[in-house]
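Notes to accompany the following structure.
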């Protein structure tokens, strides 16, 4: 419609109805293809209507437009919202973007007054507002996902607060730990992830509306009113910054990249643990897939995909950093490249966190297999060294040397530390007595690490109790 | 169909027909969402059919399957190809990926013999083959795009072989150059881009078919025959490498990233040149857009988007490098993340090169404005220094010092070098004589740089002649 | 010393004194080269001593070691601190890293008691503590740098609160703005940068000491005491997370990447503004460099380098994200790759912010040139459209169309909007009257944007006043 | 010297001797810090002398400078080369970069004629030449490293051509393979890496000398002569491209990134294989390190570091892509950021390949452990399916279903496929007969995959024979 009437008015067939008055020709096809953003920015439709409604109410209240015009526009926006909800909204790719589509549809629905909505506004402050709203909405949704993930971790950690497994450093057996403790490490990561998203949310929560194209507006608008209506903390303080800032997108992508790296680490562990060499856990059928050729396979596809998706999200972050690098103020079209990486990363992370939550909740643990591995490989050697320090008052470094020799002996004899004869140990360090056997079993080792943050079942249960309280709170500080 | 019958056979409702026999339950929704690749790998449909056809013919010829079965499968594949072409192919997201979709459709069309197609093949070698074919096809298409871009550059370079403009270093006026010479620099970049893509094509051109899941196959297949039928140079030499190698995707993305950086440089220049401060060029309406608020605007959106898209392509490269980092052999599901960045980067580059080609072809140059800028700012100071070297046999370093003092003088007098009185120059260097004025004009400067690769109109025309010959050749060496 | 005695004890010549008891041979040269971190982690020396001191005091107070041993160790650490300060500390690359160097030196200085320092500690929690301290120290230093930068921006913004220049979108003239307003946009960016660093500081401020190798420790340590002594908010809550978490490094790099992108944008502007086509500013000699061949050149090398360094910092972020992706818990040697990117990025950013602060402080502005540019190019077209809305009550969209036609007319006549005859405008829109000329000059346009965040001199001064108050506060909330 | 005299001449104390004539002040400290490149570009010293020598000879031969001057300069360069070699060259950071240092030293050694060397040359073409020479030299060195790595792979592959191990997909046991075959997959990757470097070398092998600052030169130089003397294929064809092109650096970093990803994959495998759960291999003491706290540890630090270094190299690539994005022609100072990532990546890769070569050469394989793993986990299920196809002429898809059911049965009975009774299998598929047992052992499975690229010992030995021939050739095509 608008498209056609503009064609009739000015004869510049094909040029854009919204800005085409001075143009003799419209863009060629290749240009239209690269320029149109409707196929992705239509995801901002709800936010666009929300922001337009706030802007319109303010225009009416301040008398910049008549209250009749304001009412009519609001009614039109209601209709549009309904059309968007029921899928009947007639998107038109020729109209470049979602903002033009909404405005053109408004004109079709309510006539000329539609043209008053863009008073004291530009697409530059409009899109900055819409996009911030979208990111804010999605931070809230992803925070819910992270909370659910934390919930699943806590539940399994509680079940396995005293399940003993080998703790690894360098992927070599290091010291025995509890599986609950291991899982609670991921709780901490998710806690920081949520905290980063909360900070990002707080920092982005300034309203660009009123910045206009870049310089502000001569109309006597009420920026506090629109900010308030859209639940922004305050209006953005500098109009040029407001329209050219994409920190919120970059920070959101940074936070998701770090969070995705966390998931990739857990995913790697699940892949390993579910494989035949570890065989610590079994994934449920819900999270396993088979092979088109090898009938025996149970593949941890979900975990592998979560591991890989970190790359995708990091790629989105890198991409947008490159886009923004070296861009002069204020708005440049380059910034249209801000949305797809953000949309993709948010959606990717959402599905990763859902899959990971499901996998953790469903995980079946082979406690016997874990315990067996924890008792092999001299994992209590540090306990032996610590015993030497405590009981014989040796400097740690000396105790470490002695323990090294004892381990070497056990290796040669192909037995565990607890299986060495006392006399053999005494040949290496005469002060050793039978009490040493009280620290050489994996469960003793674990139980002894009972301080704050340690792996002892009690310490893990204490950490779970704190975590439950945190989760019960509405949100992180 | 296959889906249903498997359900009937085994009661494991919901599990995958192709590999689900051992599974009691199918994947949950979140898992299915992250696991399915059909929404993007359907772009491999044509390649999948092509590769299946080659595989099937070979199975028939070697007697691994009967020639009747082979014929029936080929007929089915023909039907599928038609359905794909006319849009009637019934894609089913439950069947995970394009390979399963094609095989299931084949079964629906020709019955049980469809199940013989996957003999001596796995999805692992199948997808590696399909994807290589896709990249190869797209290299050919992008090479066409780059050739067209080179053609546009040459045409404008010829028109402007003697159009004088300031050459910049550090974005400061440096020495006069010709616009044709400047454009031919981009010809060179595109030449290397094409050469990189050609090398990538040559290197990827090995056929994975026959690698099976990872170990090869016990069937007496003829790998040379399938490689040949699909125009691969040779069969891949190691089955584990063949199914786990994604170098071709990484190298393709690297080549596109570098090429995109080239376009971003030209795009930056077009943005600057078309702005009011430079005003060297005017973009046609076809490549300009307007503003929703500022009616005077003519925005170089196309150039800005091309500049930005480099970020997107670099992001894709980074993302896939992250995905592949640290993956053990052979195939892991992580590799499913290889396709979207490649598809996106290829499509992005394709539209960038089309827009850039159009912009270059359409560019209107303001020769007067360029010439004016080339004659301002002491751009022939180097010519003066060189004259001092040649005429007075001064060491260059000394000549550079003297010229610096003369430039300082002209700055103070707020005049050009050519406008200084001879006597004034002689106060700084007594040996200077009137011949010096023969090198102080921009056109003289340009004309003097006539050696191979220089900016003189003749040298530019010589470069164009070579370029035309290269373009006429079918492809780069 | 330790090195030698271990050699004597066990005959394993060349193996490491600290852990070599079980090893028959030491590492080969290539391995030693890749493994040693001393050449970079010696930068943690001060933090290592600080953390060791806190650990030692706690060991003494809790009676885990005797108070005599504790005192002796503390004396030794004092000596080491002095040696580090005066450059006499004997670094030994064979001892792998800074931690081993300090401990070995301690043994040389005070004898066997040195071996007691490592009681209830591992290099894993030690390095995590040292590195957090280093990042925390550097956040504080960089915050000072950012404050100085903000100070320089405010000072120039005040000087130029009413200096009129063209505001750009798409690098095309958009609307007139004040230079002070433009600069204050960067104040806002730096405000967010500081706020991001403050959040990062708060989040990292948990003390890993006591996490041991990964599982905690059986010794009755007082984690609150060491956390307190090192001014950490609290002890880290999960030992496995404490030693394997590098979020703080990633978040620090993310914050610096975003901040570096901000600087790159201003740097790009300075490069353009100081070039002959814009000629808006002149860099002082202090921030300009010359050419080895072109004597007239004044190159904005500082700005170009700041622009480029964003790439370097982004590369460091990307690199560390790749390193951390998919790493199983707890510590892996891969994490040794965390320090160099962080050190490099911090140092790079420090020098960028110093150079940028100096350039801004020194910047000479050509007000006449800026004003001239602001009055060319129909930059008040939006003001005309807004006038049509306000005075004739036209819908904005219609006003935009009319203005487009008037701009086209002025373009054809090659004159400014203010130079069109009233009658000519009235041919396009009869309602226009002479009052329209009150909005067509750049200074009128700027003055009219007086609302919060607008570009009017008064609004800029109000923003400066708020900024000064913020800067006076000790730190951001 | 030059420094001082320039100070005396012009009173601009502190300004640069080479270009400072017009400057009243020199740069401030922060600026000098960011601007100086000497601390890293001194690594180009050898290349700088080499290129200067070629340039000087050409200047003499063409008569652009006298043959006396030419001889004197060459003598000076010889002295400088010696000083560089014996460490007596007096580097001076004030002189910005290596080029200025060499020229200033030349002046000190031979006097005013030194100033003639820079005739018909600029630092822009000079550094482009030096840097290309450096990259070319390093490609040659890295190719040697890759060849040695291939040699180590081949040697181990030969030893283990019939060592059976489980082949993995999704890190789950898939099909038995030979360890030799697995290693030869890395031979293929290294083959492509070498081929990529060779292509990069060929493409960069154009000589920038003569491009001058950006426009060429008015002197009658002989570009073919310098190109020839420096063993470049030909002179670069476009002067603006020649000085602003950094494709060779980007392509080099891309090739190294891909190669580093390969090494990271093998490194991940070595980390896993050497851990207690796999225990497939044992690293020699030369490539293992111990723990400061856990005396039993043998950590695969070398492998972990190689895995991590991929991140570092990818970061360098990303960083330089960001630097180059959007840079207008010709040279900008940003490009000074090209060297450090390239130097760092080359050095990093060099040490990675050396460590990996050593680790592979030293690797001790536990054949029994590998064989045991290969015979567990139903890895011959595909062989069973293939037997059903071949012997009973079942469609593969149906055979796959039947095999799935047999595997499920074996899982329930907790036995291997070969341990099922024939009667039990016949309950599932009556056609099965005793011949089926001929394919159910891992060694039978491996032996049957004897085609080109398959895992059978014979096929592996054939691949080794081809590889040996390739290695014997001087270089890849």
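Couple of notes before you dig in:
Labels for the chains are A, B, C and D, by order of writing; each one numbers its residues from 1.
By our rule, contacts are C-beta pairs under 8 Å (C-beta built on N, C-alpha and C of every residue); 3 or more make two chains touch, one makes a residue touch a chain.
Keep in mind it's a predicted model, so treat the numbers as computed, not measured.
For the pairs B-C and A-C, the count of C-beta pairs in contact is higher at A-C.
Averaging Cα coordinates per chain places chain B and chain C 33 Å apart.
Taking each chain's centre as the mean of its C-alpha atoms, chain A lies 23 Å from chain C.
Among the residues of chain B, those touching two or more other chains are numbered 18-22, 118, 124, 168-171, 174-175, 212-213, 271-272, 290-301, 304, 307, 310-311, 314, 317-318, 321-322, 324-326, 332-333, 382, 400-401, 404, 407.
If touching chains are joined by edges, the resulting network of the protein chains shown connects every chain directly with every other. Across the interface of their complex, chain B is touched by residues 166, 168-175, 271-272, 274-278, 290-301, 304, 318, 321-322, 325-326, 373, 376-379, 381-382, 384-385, 400-401, 403-404, 406-407 of chain C. Contact residues of chain D toward chain B in the complex are 2, 6, 9, 18-22, 103, 107, 112-120, 124, 167-171, 174-177, 181-182, 184-189, 192, 195-196, 199, 203, 210-221, 223-224, 235-245, 247, 250-251, 254, 257-258, 261, 264-265, 267-269, 272, 307, 310-311, 314, 317-318, 321-322, 324-333, 382-383, 386, 389-390, 394-398, 400-401, 404-405, 407-408, 411, 439, 445-446, 448-456, 459, 463, 466.
Touching chain C in their complex are the following residues of chain D: 15-16, 18-28, 30-31, 33-35, 96, 99-100, 118, 121-124, 212-213, 271, 284-302, 304-325, 332-337, 340-341, 351-352, 354-355, 358.
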